[in-house]
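Below, each structure is written out as structure tokens.
Paired with chain B in one complex and with chain C in the other, chain A is shared by the two complexes that follow.
Showing the complex of A and B:
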């Protein structure tokens, strides 16, 4: 419908309006610029470089940092990768590792720890949460050394010392249950992130709501199920997304614990393969180009998953306004 | 007065500083990078400090040596040199495994030495066979720093428990060298030890718990080759299958534990083997001995305990009928970015003497690299070295080839497959060959 009474804007007013729009745009982009520059320098440019490396045959035996001197080989690295008889196994190892660690520890246990520590004495809750942060702040080498010392076979491992005392058989725990240790070791680190987010979300729930549920006669479990969980839905989704992507690229603890073994890539994950190929092997001549092909696929998987999560979890709504306060 | 004195002191200090700069500018800076397990291998870099004044006097220059030595992991150490070379910050001298020549020579990171080696008489005395592992594309690219043997260590303690006489035990190295006592005999002995309860199942024989040069001698021992006459990569399927049969068979018979790969070196492997009470035979390296003496059995008497309870012998004969070992010489290479390669080589020549190399050989139980060392009193009188030097006559080495990394990675996959029971010997060979062909393409010939 037309607006006949509306006066046409004068050219000066139009100019002023455009200036205002530009100013607001500049303001918005100005605030985004620091983050944008960081993303450009530490994500987009490295991705572009790795993408280029993945179509070269760069190795220690022809290494150069001059992009123009690298030998372009097209998609050969990708053909080699897809023809690798263990690529499929490593891919599914990665899916398994991410799904199990995420679901059992990074989300579930983190949530349980948060719920438990927010339902006990405040200072005791703080102490327990501090303990759960220890795996995160301990150096990975020291952390894995502790686990290895604990799980080592008799007579070296602590667990087996108890087995010997009790007259039980002893085990080489990591070799016989590698996935259990890989998941638990990484999961204990992952718990702390979700725990902090969930705890702060639970703590920020208005007390009126919690008290109202008590007045209505809800049990603790009912209060968690019908009040707390719906109110921390957004932090939950954020943790799921962030930790999925984080687990996809994590490999340090696996490298130190099993180095992808035992046997044929039993616990090898995609990011560890990229590292092994491009940066680390016993006899040198690292395959920078081939390793980059693994890294590029990992980036692609990460980006696709991020987009899916953003769509499914409606991240535009997540960042729109705080949900707790909105209620 | 105080003001005047202060100015004078300041002037003198500045003068000293400028003089220092002037001297430093005239000095020749040489950076040397070594990998070494402390303290027994520290002479690898420390020897350069010992000869610094001598080289200064010989060349009439002032040297400023920068020695960087640590016990980094091999992968990190090698990457460090590659990246430093590309950044123009490579050390003048790098000590690394001879197989790196295969990657660093074609990359242009190190220089060939054929023309300059004759300028230093010290190099004339190097054991000739060691030069074989320093060649690439028809040229020599490094100077041997040490040699070693990778023997089978046997527990005298446990062999005595098994009923072996002292004569049987002491004559074992000779019987192995002559081919009388074969690898099959070794496995049979281990089986007998398990049956009689001398050792637990899985502790009859241990090999190293991670990838490394040792594994190649099983393949060599079955007649396999890695390079053909033209220097191209090859793989012999029959030798590969035979190797995997040997390793898989050892696991099946209970002699070798299926989870040996992945055991922690320092937490489990060294203390177990070094104490000689648990494992009957163990494939290791000569340098393990001082490590055990210092770190694992020092409280039991160190060297004396080891001499009493551990012996070492060649790897018993396998398919070829000949006892074997493998030498993995570390090599001093000169960076192509070094502004003073002549000085770097003079330094290497100065430490390539019986006197200096003996210190490393004796402290770390690495074999000598010079003929004259064999005749030197310190070397000849060393009980350990004199008991192992003959192994150089039976030795083999890794190939110097850019594709060796892919080859060895695939070969090791087969070993993991057969030992964990994920494939039989033929299946493991198929896995290894498929992996080699996928990664090396036309660069590998299957025979």
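Showing the complex of A and C:
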């Protein structure tokens, strides 16, 4: 409130305004508290524990659940990791896996499915999208078993049974093309997320705008290029960001399909290594400390990537200005 | 461009958008589609634009049947109620978009966009985005975008409905002026009869997917061919009254309860010949409050409109809307004598709702 002749505020008024400020401050934190508690319990505390484990040599041979009794070894695990001859290979495996799956499936195929199913009859589009959600909602074990059955060696594999029927040579598909299978199997799961986001973004573009483009002289392809894609730019960037991070940390399907093989670390990715080292070492010795070092680096990579994405894609603008309104 | 629509039907599943519409529009003509919400105006317009495929019937632009021609190959400009500007493009890019799609050279694009922008008075706004413009400015941009490609046909879908009343009045004049200057065949969809009456050469009145009338504005007003048209065109709307018309010593008499109104042969003979009850229509401006009138009644409500008073007068069970000079200072409850100008009365068949005076 502005008064015409401003007098210095009385101390009572000053106290009152401080009290109001405090109240709105507490109100804001009150609303954030439930989410904050979840982040604390399920993210910050586990990160702190893993961080601590990564500077101990905790393993099955010297196991203890007492944090105080664990043996502190400084950065030795990290030194071992950087000198590990396979860590380099696993690192590039991870980049390859994330980039290829993301670009071919989680973004491109998701976009193609969304565009196709929004350009055909509504209910047919709905059915196709529902089919694409199946890999996501099927339990990973069942889903991977289906793929394994499909691709198994003769005489068990379905594909190979066809090969035999047709008199073609048979293949051990997964063993000969492990990366193709790892990418396709994960890609099929990854399509649904982008598909749902892109479809709802496309469907929220006002009909008038889409009609206007056709009347203005665009073909349907030109309308996608000049109107639809620019208008779903933010959902696109969001899916790229979110799916990069989610692919970085996913390993269950790879574990079930190839378990990082065949051979030494052919399809091993970083998050799977963390699991292997910490919980399922080939040599029967679970190295929790060493595995934690892998996990800590993964968290750091994830956080750095998230920050880079937010900077490059300027998500702060998205939050600052209601873009949706302009649609 | 001459447009001929023959027996056009467009259905969405079981829902009828428009049915059996036949309409021939002359080259350079300004035609309004007038009708209440949901009567099929937009459906017809989008079918003409090529967004919807006709379920049945023929649409011809000139001699070319365009039923299956893609929108981009029809050379039409369209203006939407929501403006439909591309939010991610600048105003310049919005107007240039149709030219870009036609692969017009950049320098020609530049020139034409600036020219159109100047005509529309938006030359200074070219670097802005649609979100930074007022509604009126956005509608000018939309109009500019429709005009820049020099279309053969202009389609308007309630372009002024989202503007305030003052702006609507200005834009009404400007659109009409532009259309006459450019001579582009135009179809203008509106539910506002004042817009239709003031702008159009001819008005197609639609109701529930059917064409009710297609005539010049004064024809529709003076010689409505259906009861719907009579009631829809004109503000305040026409009064309707169930009457019996019978000959009475050389004249005719329209009767309803205590009301008795004398009629000349020109207007009286057809309803009398029809036999049985008919619907009489009389416009508010054709009823006067006088000292010695045809009937006496009581004023029920007075609504001041500024220039005049809108009066709801009751005669027995029948109500009439009429207009009176504000200086007379009529008050509710006042007893008044009403004079009906029966040379302007309309008569309709109560079943078919067709006019008994004007045959289709």
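Just so we're on the same page, the second predicted complex is superposed on the first by the 294 of 327 C-alpha atoms of A that agree within 3 Å, B and C clash if a C-alpha of one lies under 4 Å from a C-alpha of the other, contacts with A are read in each partner's own complex, and residues count from 1 in each chain.
Everything below uses one rule, namely that a contact is a pair of C-beta atoms (placed from the backbone, for glycine too) under 8 Å apart; a residue touches a chain by one contact, two chains touch by 3 or more.
On a predicted model such as this, the values are computed, not experimentally measured, just so you know.
After superposition onto chain A, the partners chain B and chain C occupy separate space and fit alongside each other.
Contacts of A:153 after superposition on the shared chain: chain B is touched, whereas chain C is not.
Judged by the touch definition given at the top, the superposed model places A:258 against chain B, while chain C stays out of reach. When the two structures are aligned on the shared chain, A:218 is found in touch with chain C, with no touch to chain B. Of the two partner chains placed by superposition, only chain C is touched by A:208; chain B is not. When chain B and chain C are set side by side, the one touching more residues of chain A is B.
Put simply, chain B and chain C get as close as 52 Å, counting only Cα atoms, in the superposed view. Chain A uses no single residue to touch chain B in one structure and chain C in the other. Residues 59-65, 80, 83-85, 148-149, 152-153, 156, 172, 174-176, 258-259, 261-264, 279-287, 290 of chain A are the ones touching chain B in the complex. Those residues of chain B that touch chain A in the complex are listed here as 73-76, 78-79, 82, 85-87, 96-97, 99-100, 102-104, 106-107, 109, 210-212, 259, 261-264, 267-268, 271, 398, 402, 404-406, 408-409, 413, 416-417, 419-420, 422, 431, 434-435, 438-439.
Residues of chain A touching chain C in their complex: 206, 208-209, 211-219, 222, 226-227, 230-231, 233, 325-327.
For chain C in complex with chain A, the residues that touch the partner chain are 46, 49-51, 70-72, 76-78, 80-82, 84, 86-88, 97-98, 101-102, 129-131, 145, 149, 155.
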